[in-house]
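In structure tokens below, several structures.
You will see subunit A twice below: alongside subunit B first, and alongside subunit C after that.
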Partner chain A sequence: MKQLLALSLGILTAIGGFVDIGDFVASSQAGARFGMSLAWVLVVGVVGICAYAEMAGRVTAISERAVFDLVRERLGPRVALLNLAATFLVTVITLGAEMGGVALAVELATSVHYLLWVPVVGFALWVVLWRLKFQHLERIFSLAGLALVVFVVALTHLNPDWSGMWRQASRPTPADGEDWPTYGYFAVALFASALTPYEVFFFSSGAVEDKWGRDQISTMRANVLIGFPVGGLLSLGIMATAATLFHPLRIELDSVGQAILPVAIGLGKLGLVAAILGLFAATFGAAMETGLSAAYTVAQYFGWQWGKLVAPRQAARFHTLLLVSVLTGVLLLLTTVDPVRLTEFMLVFSAVILPLTYLPILVVANDHEYLGERVNGPVANTVGTVFLLVIVVAAVAAVPLMIATGMGG
Partner chain B sequence: MFIGFHLLDRQIIDCDGLLVGKVDDVELSDGDPPEVAALLMGPQVLGERMGGRLGRVLARLAHRLHAAVDPGPARIPYRDVAVRVSAVHLRISYRDLPRPALEGWLCDHVIERIPGAGRAGE
Partner chain C sequence: MSWRSRNEVAVALALLVACWFALAIPGRGGPDRQAFDTTVAASARDGLSNVRTAWLVGDAHRGGRVTRTYLSAVLDHSIRAVATAQLRLAETPPPGRAQAAVRDALRTLLDEGERAIGDLVGAVYRGDTAGVRAAVAALGAIGDRLADFVDRHPS
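Then we have the complex of A and B:
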């Protein structure tokens, strides 16, 4: 019974933790502009994150080492240093975007301008990371993120045209009046939102600290293989509400307030409260994960002490990195850059660096020295290799598409 | 053992499970065939080993971080290595090694001044 409870808690956490500001922005924008015709990208992205998170979890459980820790051994110090620089940069931008999402959620609840909330959010985030009780908090925020299920509930109240949505989803072509490059740009952003690199770094570093072993592999698989797909359903729900309400009217979304409007229309005030709470929890949880991931990657490259098991004074470099990352995120937002715009940028640059994250995982997951007989089987390798090709295509296409379409126009 | 593949860039862990650093370079003995005499640590050694512009920048940056005198790289004699698996485990504690300059400075000037710096998480 206790095991069942732990298992379901893990799965629920994975579901709630799946959606962050990137998924929220990419799904709602894609739904408004293209209806459900980009839904297949979400499905593909979820299969990809499942395959690679399973590999990363297995590598960590058996070698007792976090993923980024192994990158330097396998790529060499020079390539790994360039990888680190790119990853750190994108992760800090992601952190800024997530904190922007938190501030926007608070603005929706209080009507006080989000820029005034940014320093408060930054301070609260840092306190949580400093006091290091984040493991429980991270779980609580992930569970509260489940409130985003209101999007799925609201969808059923909006009397959607189910057969029309199915028609859009089964014909993956641009909607009327849209062109292929714009379609491609949104496809890349949506793909990146499902595979954001910080997710695997956080996942595997957490597994090291929780001292996972071989026994935890089956639990990890259940969490990943059930939790992420159901989490993907939440993203699909967000896309479908936007597709139902905004797509027929040809309204383009450029704010978070618009994106939660379908819930208010479908379910009224209480639904709105749940949507704001869900958005707040999902982005705050993701902000903790990205802040930590930024510091993890640097510490793991140089071999510095990191993590929550020691006092901050024993991991001064790690804690300074955390502090600097949060501060950089705050300063980034205080330039008054639009958080939604920042999220779009973050998704494009995440797409560019995806191969740097996922190629080393595939390589190490095939290494007998680290994994013994638990190396990838034929299924994992086929899925992993096909995905790596898709990831490389997305990475190469990301910047040209961004420029050609003026960030989706 | 291929030093390049099985030793360089590995994580070094002390006898209490704390993280010490990476094998940034190794020192070889004069014998024939040469054997690994010690593990070397620190961004300066790493930069020198990497070479190129990137390596030089890293080494120079690391050099500047030292206070008055450059203490040289942290050196761990190979006899202090207990086991070498996916990481290099030492027989000794990190306290037996010189404190890294950056860690020391940040600890004394930043982290120690914030309330709660001595409390471990759970």
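Then we have the complex of A and C:
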């Protein structure tokens, strides 16, 4: 019974922790612009993150070391430094975007401009990261993020044209008045939102913090293979509500407040409050994960003491990095860059560096020295290789599509 | 690997990156006419999106479905977004007389949209139910006219 409860809690955490500001922005914008015709990208992205998170989790459970630690050892310091530089930069931008999402959620609840909340959010984030135990901070916000299920409930109250939505989803072509490059740009952004680089590094480092071993592999697989796809359904729900309300009216979304409107129209004030709470929890949880990820990767590369389980005095450099990352995120937002625009940039640059994140995981997951007989089988390698090709295509196409379409027009 | 071959690899990589950007950049350029058309289309789409958002949220307010703080944040964003669209349009000179007429038509619609959103904000603030109803109706009509404009002026 206790094991079942732990398993259920893990799966619920994976579901609630799936959506972050990138998923929220990309799914709602894609739904408003293209209806459900980009839903297939979400499905592909979820399969990709499942495949690679399973590899990262297995590598960690067997070797009891974080993936980035092994990447440096396996590929050497030079290649890993390139990986580190790209990942750290994108992760800090992601942290800024997530903190912007938190501040925007608070603005919707208070009507006080989000920029005034940014320093408060930064301070709160640092305090929570400093004081809360790893398991608590992972679970509290991920479980609260489950409130985003209101998007799925609201969808049923908006009387959607189910057959029309299915028609859109089954015809992956641009909507009327849209062109292929714009469709491609949103496809890349949506794909990157499901595979944001920090996710696998946090997943693997968190597994070390949670002291996973060989006997936790089946639990890890259940979290990944059930939790992530159901979490992907939340993203699909966000896309579907936008497709139902905004697409027929030709409303393009450029704010988080707009994206929540379908819930208010479908469910009223109670639904609206739940949606704002869900957005707050999802972005705050993701901000913690990105902050930790940024510090994890640098500390693991340089071989410093790291982790929430270690007393701050013993991992001073790790905690300093955490603080510097949070401060950088705050300063980034205080330049007055629009958090939604920052998220769009973050998704494009995430797409560009995706191969640097995922190729090393595939290499390490095939290394007998670390995994013994638990190396990738033919299915995992086939799925991993196919996804790597898709990732490379997305990485090469991301910047030209961003420039050619003016970030989606 | 020798230094010479390293340099060759570096030059090859630099050329690859240059080609990559060169592939992307032609999509941006174009004559003034094209830049003007693109600006008009983008401004009209932004105006349409934000006028219709204000219309939806105003209607939701009438039905008691949104909180005051949320309403205020969304309307504030809408009014700023329409103002940005107006500014962008004003900064792009029309290349000819026909384009000047197009710009004036869109400017009128955006001005009306901004005013209607302002009226909605004022009516909500005063608790003026009739004023809210009138502003929402006006936003619906302006949204339809903006949609017609967008149809007639695709980018």
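Observations on the structure shown:
By definition in this document, the second predicted complex is superposed on the first by the 407 of 409 C-alpha atoms of A that agree within 3 Å, B and C clash if a C-alpha of one lies under 4 Å from a C-alpha of the other, contacts with A are read in each partner's own complex, and residues count from 1 in each chain.
Here, a residue touches a chain if its C-beta (ideal position, glycine included) is under 8 Å from a C-beta of that chain, and two chains touch if they have at least 3 such contacts.
These numbers come from a predicted model, not from an experiment.
Judged by the touch definition given at the top, the superposed model places A:Leu245 against subunit C, while subunit B stays out of reach.
Applying the stated contact rule after C-alpha superposition, one finds that A:Gly213 touches neither subunit B nor subunit C.
Shared-chain residue A:Pro119: touches no atom of subunit B or subunit C. By the touch criterion stated above, A:Gly372 is placed in contact with neither subunit B nor subunit C.
After overlaying the two complexes on the shared chain, residue contacts for A:Gly268 are found with subunit C alone; subunit B is out of touch.
Contact with subunit B, but none with subunit C, is seen for A:Glu64 once the two complexes are overlaid on the shared chain. In the superposition on chain A, contact of A:Asp254 is made with subunit C only, not with subunit B.
Applying the stated contact rule after C-alpha superposition, one finds that A:Gly76 touches subunit B and leaves subunit C untouched. Taken together, the subunit A residues at the contact with subunit B in this complex read 63-65, 69, 72-73, 76-78, 80-82, 130-135, 302-306, 308-314, 316-317, 319-320, 323, 369-370. For subunit A in complex with subunit C, the touching residues are 107-111, 177, 181, 245, 249-255, 257-258, 260-261, 264-265, 268-269, 272-273, 276, 396, 399-406, 409.
Interface residues of subunit C facing subunit A in the complex, by the touch rule stated above, are 20-21, 23-25, 27-28, 42, 45-46, 48-49, 52-53, 56-57, 60, 64-70, 72-74, 76-77, 81, 143, 147, 150, 154-155. On the side of subunit B, the complex with subunit A involves touching residues 6, 8-12, 18-22, 24, 41, 43, 46, 49-50, 52, 54-55, 58, 86-87, 100, 102-104, 106-107, 110-112, 114, 116-122.
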